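Shared between the two complexes below is chain A, which has chain B as its partner in the first and chain C in the second.
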Partner chain A sequence: MSIVIKNLSCKYGAKTPFEKLALDGIDLTVREGESVGIIGATGSGKSTLLQHINALIKLQSGSVEVCGIDLTERKPDLKRLRKHIGMLFQYPEYQLFAETVREDVMFGPKNFGMKNEEAEDAARTAIGLVGMDWEEVKERSPLELSGGQKRRVAIAGVLAYKPDILVLDEPTAGLDPAGKKEMLDLITSLRQKTVSTVLTVSHNMDEIAAYCDRVVVLADGKKVFDTTPQELFYRDDLENFRLQKPHVVHIVELLAQKGVVLPHVLTEEALEDALLTYLRERRGK
Partner chain B sequence: MHIFKKNGIISIMKILNAENVSYAYKSEEGETLAVRNVSLSIEQGEFVVLLGHNGCGKSTLAKLLNGLLLPTEGTVSVYGTPTTDPKKIYEIRSKVGMVFQNPDNQTVASIIEDDIAFGPENLGVNGEEISRRVEEALEAVGMLAYRKGTPFKLSGGQKQRIAIASVLAMHPDVLILDESTAMLDPCGRQEVLDTVRHLNREKNMAVLLITHYMDEALSADRILVMEQGEIVRMGSPKEIFGDINLIKECKLELPISCKIGYALSQNGFLTDTCLTDEELVEAVCRLS
Partner chain C sequence: MTRNVAFGQYYPTGSVIHRLDPRTKLFAGVVFIVCAFLASSYWAYLICYAFLFSVVLLSKIPPLQVLKTVKAVLAIVVVSVLINLFFYDEGTVLFSWWKIKITDGGLLYAGKMVLRIMFLVLSTSMITLTSTPTELTDGLEKIMTPLKYLRFPVHDVAIIMSIALRFIPTLMEETDKIIMAQKARGASFDHGGIVARAKAMLPILIPLFVSAFRRADELALALDARCYNATEARTKMKVLRFTWADLTAFLVLTACLTITALIYAGVIPL
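Take a look at the complex of A and B:
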């Protein structure tokens, strides 16, 4: 088990007029190798949940266990915890700080105790994993790179210390269509090559539908659904949770209303195939 | 309405006109040409969308349109006044309002109505008129109930609506939105788009929307496509999204309904370009 969360609750501004229950009795287990999406409207508790996984927020009630580290202990080994988790916040490119790409990507591994040479090796490998050329970029300032490149350098900075779980907060926000596609392909290839367990927070339902095995929906701090994308996105009560459907699902449902019944697909490719099959059968008759 | 008669012909006046505009960023390593020889105009009440991948020069062009940047070559004029005229620059900026990407970087006051009043105050508008404009602007974006509140407690979408209202209070004729929905969640994005559509349709406000979301471009009157600093194509949504080569070359994306429609036409089922989900569904129903 990679992450086991039991009955987790969290209150902001306790005993003030602004008291807010940000998380309310959350149970969540993430197994090794799973790709789990976390969705929900703004203010539903997604970010607070992520912060608990990396112990960036003090545990108030309930329990969190990450890669065998129990966060209810009086002094959990936080350094070890954070080496297990590669966490990318929203717009991670704003967190690049060093003068060269090399120094920036080496910062993580060095902090976790690697010697210079070892850290540089790790940085080189990580830059390769995100599809960039080490020799070409290592001496460049991160500030000169394009938006999509900066974000990849930020991911490399996390991959360099070889985490076991990747936690991504809105990984494609603000990217152009080409940048978005690159990022999704990158996450898919990272899952195959290095970090198999991925937790993604996103507002983009198309993205969640495309690469998550499981989706968890939060609403007002509570977990309301924990199921497969297929089952979730074909429910008819999603509007109650301020959630939109992926485009593909919207099209399939519109077609069904007009009497064209297709299988419950989630991706563009699958929809294309399903429609072509349907139309060919019709033509055959 | 800025309608004028010339030789007996009534024409709608261009609000904004850019002629052969180029802009180069200067640095130690030399010059980078970000905008190359661009000509465009925006007329009263138009809804224009500007598409292009990151780094193609969209934001630079936007900043040239209200004099935040001045062209290295060519001229940008607003109602005939060039943006290079230092005496008229504030007037020009009040006519061409701009809303940027990050909702947190665009508020100046801690009370919403003060924030809205900031623009007209700077233009020297009198007190009574200011409060009238504040009310009108907040009403237009559906945020009147929040006038005494603070912008910091609002959602992203609400903050962007406040940013739009503070531009509206200066009575602009064109609203330029530079990826103003990029940082918002789907609901916030919808709020802002609905507000912009409403202003365009009901108040006849011209809009230039810069975006990476192709579906935001579907209801535009005109789409401009930018690539390496140039406007390489101008056309209706059907023309732009019907041209698969253009979309590929400029690293854009077809909306999902167009993509599926295109695949169906490749297989001999369709002939028309389907822009929206509804159009695609209708086309499929007609086939079966």
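Take a look at the complex of A and C:
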């Protein structure tokens, strides 16, 4: 259940004045169980890369292989491919369409060939996974829910068909701080319970730092970094790539300037622990 | 948006034609349409096409790109050719089978029909290829200005038009996104009979309508918040100017129109 991308390039609007090279020779391998973050400035090709993984864009050059399905073949089995991948677009709540939450969440499972009862079971489980009450929401219209609830329903709609890889495009965009926190907790718990492989595109560095094992940085369609968050976010030249540091990293660096040297942590919890350890050691002396 | 560049969409080259006043181009559009219907003989068409071809050359747009715009009406062209071939029965019969007769008159008439439809499409798409939607609405607003005295809300109409044009690419992009999202959930749009296909469109159309209404609401709110008043006299960032190039274009267009009209009236025996 891995993704192997080799020398992938993609051009938009070829042979018109609007021609643009969106991806330029990308190599990327995502192994099972990894959580990979993809970051980069607007227009760096992140979304285009994601769309290739699900064969939503025609492959122009290079090769993509997802869960053993080779997309360079003339007619790859798209249904099987898309069943493997749970893809959540930006503002997924705008794709809700059915009259009831139940029908909307069952849309995916039914498309992938589940029978009615089976699909309803899957939908119930998925609504449970995103922390909602099935009996309470199943007959309601998805359009009358609150913003955060809509997004949960949209995620449930993807989880319901039991994908092996989760692909998220800006999962926390447009959510309030509490909603963001909930979303990150949800993704973390999903990784432990159901889908182990997660690919996230985000502008929010805190989010990437919080739950990704690996970070890939794109700039003008090229891969410029592919490393661990620790290594990337503690570099000095991030601004050259129009990237900001996560808040935690910023705090650690400010403290270091004041002579308080802490290990290179990435999450708020780890920073708290590091500070407590530091204080305890100082008191010990 | 860059994904599917629509036929007839603005194609910037910065040529003389692009820099013409949009009013000139709208006038040209009217002249072209009148010419297409006045042209009565192949000679008249030759003149019209020669004129159109020189406009294409001047615009520096690859001729093939212009020709592609005909694709949209190809079906209409084919149908009109067939109808004219089979149902025009003046002239000598060239071929007959069962109830179908093809005459030389029909052949000539069908040929003219093709030339006429193609001329209409090519010439009008030359306007949209060389001017941005904003320029066109500005031009239209200026042309309609006299209607103000008849209490016709010229500026309102212009604003409505430019907003509508402005949102076409946005909604296209939105449609693209929704299609991708539903495809990712396993939806397929090219299987089954007509009913199944129509049903498959619902997951796209409903979110699209919802978002169009949401956008309209937000836009109305934003206009209100800035105390926007469409009826007030507003100044333009780009003031339209009538230049020597426009005057030349006007003269040439008038000449083209006159020649075609004279041929039609039989004054010039072509």
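The rule we apply is simple: the second predicted complex is superposed on the first by the 281 of 285 C-alpha atoms of A that agree within 3 Å, B and C clash if a C-alpha of one lies under 4 Å from a C-alpha of the other, contacts with A are read in each partner's own complex, and residues count from 1 in each chain.
Following the convention adopted for this analysis, a contact is a pair of C-beta atoms (placed from the backbone, for glycine too) under 8 Å apart; a residue touches a chain by one contact, two chains touch by 3 or more.
In this text, all values refer to a predicted model and were calculated from it rather than measured experimentally.
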Quick check for you: in the superposed arrangement, does A:161 touch first (chain B), second (chain C), both or neither? second
Based on the superposed arrangement, let me know which partner A:175 touches: chain B (first), chain C (second), both, or neither? first
Scan A:242 for contacts with chain B and chain C and give back first, second, both or neither. first
Considering only the touch criterion stated at the top, classify A:72 as touching first (chain B), second (chain C), both, or neither. neither
After superposition on the shared chain, which partner residues are touched by A:189: those of chain B (first), chain C (second), both, or neither? neither
Examine A:251 and indicate which partner it touches, taking first as chain B and second as chain C; both and neither are also allowed. first
Between chain B and chain C, whom does A:56 touch in the aligned arrangement: first, second, both, or neither? second
First (chain B), second (chain C), both or neither: which does A:272 touch? first
Footprint overlap on chain A, comparing chain B with chain C: none
Please name which positions on chain B make contact with chain A in the complex. 53-55, 101, 155-156, 179, 182-183, 185-188, 212, 214, 251-253, 256-257, 259-260, 263-264, 267, 269, 277-278, 280-281, 284-285, 287-288
Considering the complex alone, what residue numbers of chain C touch chain A? 2-3, 5, 11-13, 65, 177-178, 180-188, 202-203, 206-207, 210-211
Chain B partner contacts - residues on chain A that touch it in the complex: 41-43, 146-148, 173-179, 181, 203, 205-206, 242, 244, 247-248, 250-251, 254-255, 258-260, 268, 271-272, 275-276, 278-279, 282
Residue positions on chain A within touch of chain C in the complex are 12-13, 16-18, 20, 51, 54, 56, 79, 82-83, 85, 87, 89-90, 92, 94-98, 107-108, 111-112, 143, 157-158, 161
